[in-house]
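Report on one structure; see the data block that follows.
Read from first to last, the chains carry the letters A, B, C and D; within each, the first residue is number 1.
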């Protein structure tokens, strides 16, 4: 059930260069939110900027009735978020969209995260580990200092590997190199992916080659965030080989790897 | 010399319901600003609201290199000003316009202020008293609690009388009633006025009847505040009995009472 | 008791606040957020004869105090709307106005005919102003002769109230308004979006895949208000005003300018509770101003 | 060294940033704030044959991310401008473009003739788009025949570069652009303000005494960009782009859309240092992007 909520900021602080974590007191989001779902955040009390910003649920803490958002400051909306003080009340809409799914038969899974795409994987890993899956986490970052959440995954009990573009930490290269190796080494039942588009495409390619099902979380510019404006579509294959447009906000943001059609 | 200045807020606090006083560290404004001049205040770091707000210099403290603004919260611009924290740096343009003037021969003067029009009269009274004038101050307010600056005038050594619309303090009625009496009782060399338009018109009428020169400070909606857009005009009589438009921001905001033409 | 009810083109609205076409889907999503019975009316997504895919993404760009969209009329087609959406909307006590978009005179007429007599449809809003479809849409709304012809054809195929939705992308909107009035439009709604563009300087590409899109939101409110006022001076049929409304005060401005009702478009995005908040705010404002009938405001601008 | 210099209609600009007519007076006020030599050019206030009083106040209204003005061409007349303002502006090494406004074909032609050969005048911007004067102004710019006629008459009376300033309040701006190009306009500038309105609900009156006014500022940037892009696809003469520019990034968007130079209008009000900051920002952005000539950007949009 989507709700328009006002939530107090319990904490909002930098965790790496450009990256902030904001924790909010928000009962319905904490009790109803699922990994892979997101919220639309009103980043300013006035008309500028005009639209809300979609941000994934990063941590869902039912006991404390809080959720956290992990966001990268890339423009004025996220900058305004980063400047909002603890104690302030902000408006959110959520939980939105369809999150990641898993079944009892999935036993060994891999989570592939790039940049701020790592955010929703933390909530996902948490749930998967609660369900006693074997969770491999592959993280990509530009450079060591922009790597986020490694500790979170490790302390939960996930098996973490890291790649950095500049080689400052872990594997020197792409996170998808790690996935290639992992597919080779371990029999995976499912791969979950969230990150920049080139990474997502490569994950889809690798998993398809290996015939492993995969779920990808997509991003698109959003108007409403709830499925009303049809602003945020992605191309999805239809049976007849053609395509249709599905709403990232409502039919996604998580899609099956094989259904999405990427333009090149 | 007009300057674009960034000034730190030294203090910003409520002094009466709806009224705030903001003190700014601003060397050039403090050293060059004159009573009756104003500044254009950028009330928000982004585009909303778009225009700056004209606010009069309320106190000019050369020694401490500060100026104060006294403003009433009437809309979103002034609300944003009131929410800006001490320590923040805001952008201002000033000092702007032509202020109040006086000559050696003016010995006994009256200052008539209504509502937030009282603001610039504090700086004016200060200068006039330094110049050893006998200063009568007549203040009008809706109600006792919205009366501002009475103490400031008294402690400077001005003779203060008050009128409130609801009779909760001082004379029950208009501040212009007090002016009528003062004109009757004291030989005034000059009357200075700043307040709502109906008050200003009445001050002009009373002083003209008594042949006392008068200076009035006008308000108009402003674009640039410096004379470039010709957005802020008022009607001024020309010799041939017709009128021309003068700029409130540059030719004013202080005008001679007799030169301004009011539409009814 | 303050009266909020108004009537537009024979359609009774319990209050003058509707939701604008294309910003509210068919109401299902917002029904999760608040009771649709609160609304004066719902103007559903632009509906074409056959299903349409719309334009490629990105379809949304944010602009100062507004947004661009180039959705391009993605919709499931009129038959689906009649079968699946209208029956669902009927459960609410709210006026349902179907936004009709076409590529040809015949298409407009055919859609109107199919919707005629469908239970739960209270009126048709004829979208002759969509800037987001090539070779059609807006072209109908920028030429008075073509606009008149669309309304004439639609008029002859339906008993339903016909509301012509006007484009702001014209030299003289009153000319178009007069033309559609002459052909029997029962009301006009305005404005549709203003054609605009945004560029991503990093990629040196337009932000929208469609290059241009329709500007909406508070940025266009002054344009919309001016056009509502101009049209109100010109025609005798009622006006549904829209363009940048986000508050009750905005709605009052449109009513004073001459609108009988107003619609909330992009305002539904910046705050999904905008429509009910505008209705509540309007009620409060009226009672605070001691006005006991909202209709007193309509065209009440003193000039 | 990054090259910032461009040429528009034969006028050499040391950088592509000008100040827009009506927002900068004749430069005197801003000269107190910064060195006018920094600018590429100054487009002075709309100048008529005789002095004009303009419209009654209030003339300014704030709107979301923008403003309305209804100044209505208050100016001291062309002879005063030639005698008092141009000689003062000549002290700066900056292109001076005089904005010419008229009520009749003859008035436009006569002003152009008087300015012809005046030392210090580098070009004429023919304002056929002022929305704030009745029975004239915008009417010339919304009809291609009248627009062409104004340019033709002006062209025959001056050797100076002629820049036609186009109105956005038209169905098809490319039609007007083609018409003025055909009559010998050396460049076009666009956009002038968009006709708009604001209402004070407390008094139930329009905020502006003139009822309607011209909308400018960031709110109209998407409209301006779209029009610059459309016109750039249509004509072969250079474009001076304007409408809502407040940052170097905005300026780059206009250049990519096809403008050879840009002008800052209402942006001068929200921050009086906008023009020099845009110039500095542009320089920094170019060197950061390793572009050594600003002209590489012009029309560089990839579609």
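Just so we're on the same page, a residue touches a chain if its C-beta (ideal position, glycine included) is under 8 Å from a C-beta of that chain, and two chains touch if they have at least 3 such contacts.
The structure presented is a predicted model; accordingly, all values stated were derived computationally and were not measured.
Participant: Measuring centre to centre with C-alpha atoms, which chain is farthest from chain A?
Facilitator: Centre of mass proxy via C-alpha means gives B as farthest from chain A.
Participant: In angstrom, rounded to a whole number, how far apart do the mean CA points of chain A and chain D lie?
Facilitator: 47
Participant: Give, as an integer number of Å, the spacing between the C-alpha centres of chain B and chain A.
Facilitator: That gives a centre separation of 55 Å.
Participant: What whole-number Å value describes the gap between the mean CA coordinates of chain C and chain D?
Facilitator: 34
Participant: Enumerate the residues of chain A that touch no fewer than two other chains.
Facilitator: Those would be 47-48.
Participant: Scan chain D for residues touching two or more other chains and write them down.
Facilitator: In chain D, the residues touching two or more other chains are 61, 63-66, 217-218.
Participant: Based on which chains are in contact, what kind of graph results: line, ring, star, complete or other?
Facilitator: If you draw each chain as a dot and join those that touch, every dot ends up joined to every other.
Participant: Given the complex with chain D, which residues does chain A contribute to the contact?
Facilitator: Going by the criterion above, the answer is residues 47-48.
Participant: For a test of understanding, state which residues of chain C touch chain D in their complex under the given definition.
Facilitator: 61, 63-66, 68, 142, 169-172, 194-199, 201, 203-206, 211-212, 215, 217-223, 225-226, 229, 244, 249, 252-253, 256-257, 300-303
Participant: Under the touch definition given earlier, write down the residues of chain B that touch chain A in their complex.
Facilitator: 44, 46-48, 76
Participant: Where on chain B does chain D make contact in their complex?
Facilitator: 1-4, 42, 47-52, 91, 93, 220-235, 244-245, 250, 263
Participant: So in the complex, the part of chain C that touches chain B is made up of which residues?
Facilitator: Against chain B, the touching part of chain C is residues 64-65.
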